[in-house]
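Worksheet: one structure, shown below.
Chain lettering (A, B, C and D) follows the sequence in which the chains are written, and residue indices restart at 1 in each chain.
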Amino acid sequence: MDAKETIARRVAMELRDGMLVNLGIGLPTLVARFVPMGISVAFQTENGLIGFSAPPPEGMANRDLVDAGGGFIAALPGAASFDSATSFALIRGGHVGLAVLGALQVDASGRLASWIIPGKFTPGMGGAMDLVAGAKRVIVAMQHAAKGEPKLVETLTLPPTAARRVSLIVTELAVIEPTDDGLALRERAPGVSVSDILASTGARLIVPDDAPEMPLGCD
Amino acid sequence: MRKAAITAEAAAALVVDGARVMIGGFLGVGSPDRLIDALISRGARGLTIIGNDTAYPTVGVGRLIEAGCVARVEASHIGTNPTTQRLMSDGAIEVELIPQGTLAERIRAGGAGLGGVLTPTGVGTMVAQGKQVIEIDGATFLLEKPMRADFALLRAHEADYCGNLTYRLTAANFNPVMALAADCVIAEPDEIVPAGVIPPDAVRTPGVLVTHLVGRAR
Amino acid sequence: MDAKETIARRVAMELRDGMLVNLGIGLPTLVARFVPMGISVAFQTENGLIGFSAPPPEGMANRDLVDAGGGFIAALPGAASFDSATSFALIRGGHVGLAVLGALQVDASGRLASWIIPGKFTPGMGGAMDLVAGAKRVIVAMQHAAKGEPKLVETLTLPPTAARRVSLIVTELAVIEPTDDGLALRERAPGVSVSDILASTGARLIVPDDAPEMPLGCD
Amino acid sequence: MRKAAITAEAAAALVVDGARVMIGGFLGVGSPDRLIDALISRGARGLTIIGNDTAYPTVGVGRLIEAGCVARVEASHIGTNPTTQRLMSDGAIEVELIPQGTLAERIRAGGAGLGGVLTPTGVGTMVAQGKQVIEIDGATFLLEKPMRADFALLRAHEADYCGNLTYRLTAANFNPVMALAADCVIAEPDEIVPAGVIPPDAVRTPGVLVTHLVGRAR
């Protein structure tokens, strides 16, 4: 299992029956492949649809039906479409139960940075700032480090996406929960030791006596 | 994401006495009549009703007023219902009058996570009393607070098994915004159809907003 | 021609091709009967429809299709329906070219009162406050006096509907325009003299040397 | 209230150099491609483009950037278009980044006569710089100003002779709010049908908002 699948599988364990879920572009999108058995969730794409699966059958793509990353999707029976103002009324208004987002950094206070590397790359925030401000729960799904540099840092060096603390951070090494006291290690990936995690983390971690292995579902 | 249909009686039992209840409709058109029947049958008391108007004594929200279910009304117009007028004069119910567009927008703001509505409507009138006035680029606006409720009782035309709703002609009115702004949203459709029968572009209220669907009467 | 028809006919002369028009409940509704030849306007009913005529053919009424007074209407080909938030986005946003409203009083500053007689009758403002705040032009269509009391007064004794000055006042006796200097008499009804008008008016009127007769269209 | 159809070229001639232009679409999906073609053909210059993104260099709004028509962009995302990134770095175009929900709501406010938007989005970030922060009942909101434009260029699915518009699936996106917020609204539909063919409940943009319809290519 590669790092991305580990992350996506672990995040999928946070899905609850009946939830409206928004998956960010990139890694978070993979979560849709691992919805646990017996659970039914609705996925929203913020460009204007609830109820899709991706990709459409070969040759069946419709140019007017894409996800927020521009990829073709299929609509499920019971899908609903709407404009951007309504889509973000759903997001800002707390109707999205769970948003899963990528991040460039998360700091000890649980804030994430995800939309700009000043002077280098300025993709823009897209819908991420609204999702962090409005979703009931926000999970950051990201690789633990990038090019050897830790992405979990004591204080953000990049501009934050929101003042709000995210609910959970899931990486290929660990599950970490931001708390009032700082970042608390909750789970280890299979075969990963606490010292492995500490070695790749740039922020102080609250380490429990026993950090269990993360559940990754079954096939 | 299928929903099970419940009866109007089961829905009315959820709406506890004293609750804040948004009810769709405009002079009774687009109001959930079976839910209103059921609230009257169970003898609901002390409700705060949020809606455009109180219709007529024998129609829509007016029937709840007539049956003594209502302690307070937040509406834009009560002129068509002499009972509301009389009970207000007698002090038996409280009435807060809100301009119709402000009411719609306050409910939308409550459902859309906005901190309030900045509207020119009501500036320089009794409606402005006690409200913050904000000057923006030389124009004056009232800051009107978002509105939410414990329950929204909606009338829809069609619903599908996922709770997606359509409305018909002038029966939509306040129903779509109310679907955003209550903790528990109960929709009474004229018809229920399988998932996939309502095309995605025809849906006006996505099913994820609907807590309960009222099924057909047996 | 009775008073109401005179008022409705004169107001109808203010309609312009392509306008979106909102007619208030009661007297203003009559204006729809006198749209001048060669002019096409769209009527909005604020409970959620543009493009209607009233009433529907005998036996053809639909319970879900009414105007803001609760009366059954017919939708014309090309009608559009929408919810209350959208309806008032159109009204507040200046998309309504002309609103015609009734009034209890209008004063020398051009403000109208229309929604409450404190201690006596409290119908509420319905959509009137939004219409006065948002429509491009607002015409008050009302009888000149009620029970012998002038409805045009120096200063409102009833609570105002808006701070905004209305564009024009049309009664069965006169057309009056609120200006920076006060209420200006613009036209007389056929057979009505300036002194008739002054006798029924409770506010100072600016009277021109020659007040022409009001046009009332032809059948 | 019939409208006459105009050509994309005639429409592009209306859109003067230097204008503020809202353009519907999300990564090019739901963007008015024939209007974009016509703007490029006529050599439009100095436009301020308001839209969700700048798509890709060969798609949608990205083509206007590539052709040198654009002086300024107000959008939520430019990460898919390296040309936008490069021209911004070079100082050849200005870019203002706006959170997607805030952008949609600011445009809606501009079209709905509201004085601004009170949103929690962006509080405590660079987006809040220079903006008024308003505390309402213990929560903090940014006051974001309404947005309007000289022109809105929309892509619709169907239009009828009255200008009523429908959109399809995820091609609606910013088009419906933009229809409210520009002095001149030009819609490019895939199909034009007679009045009465689009049922009133299927209309998403009432025809009164549409100034011009772009007709079929000859």
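Quick note on the criterion: a contact is a pair of C-beta atoms (placed from the backbone, for glycine too) under 8 Å apart; a residue touches a chain by one contact, two chains touch by 3 or more.
Remember, it's a predicted structure, so these values are computed and weren't measured experimentally.
Taken together, subunit A and subunit D share the touching chains B. Taking each chain's centre as the mean of its CA atoms, A is the chain most distant from subunit C. Ranking B-C and A-B by contacting C-beta pairs places B-C first.
In this assembly, the C-alpha centroid of subunit A lies 55 Å from the C-alpha centroid of subunit C.
Chain centres here are Cα averages; for subunit B and subunit D they lie 32 Å apart. As a whole-number value, the distance joining the C-alpha centres of subunit B and subunit C reads 29 Å. Measuring from the averaged C-alpha position of subunit A to that of subunit B gives a distance of 35 Å.
Shared interface positions of subunit D, defined as residues touching 2 or more other chains, are 105, 108, 112-114, 119-120, 167-169, 172, 200-201. With touch defined as above, residues shared between interfaces to two or more other chains in subunit C number as follows: 49, 75, 81-82, 88, 91-92, 133-134. Chain pairs that touch one another, listed by label: A-B, A-D, B-C, B-D, C-D.
By the touch rule above, subunit A contacts subunit D in their complex via residues 45-49, 62-70, 75, 81-85, 87-88, 91-92, 115-116, 121-130, 133-134, 159-163.
Contact residues on subunit D toward subunit C in their complex (touch as defined above): 1-2, 108, 111-114, 160-162, 164, 180, 194-196, 200-201, 203, 206-209. Against subunit C, the residues of subunit B that register as touching in their complex are 26-30, 52-53, 75-80, 85, 88, 95, 97, 99-105, 107-108, 119-127, 157, 167-177, 204. Contacts from subunit B toward subunit D in the complex involve residues 105, 109, 112-120, 134, 136-137, 139, 141, 143, 145, 166-169, 172, 200-202. Residues of subunit A that touch subunit B in their complex: 18, 20, 40-42, 44, 49-51, 75, 77-82, 88-95, 133-134.
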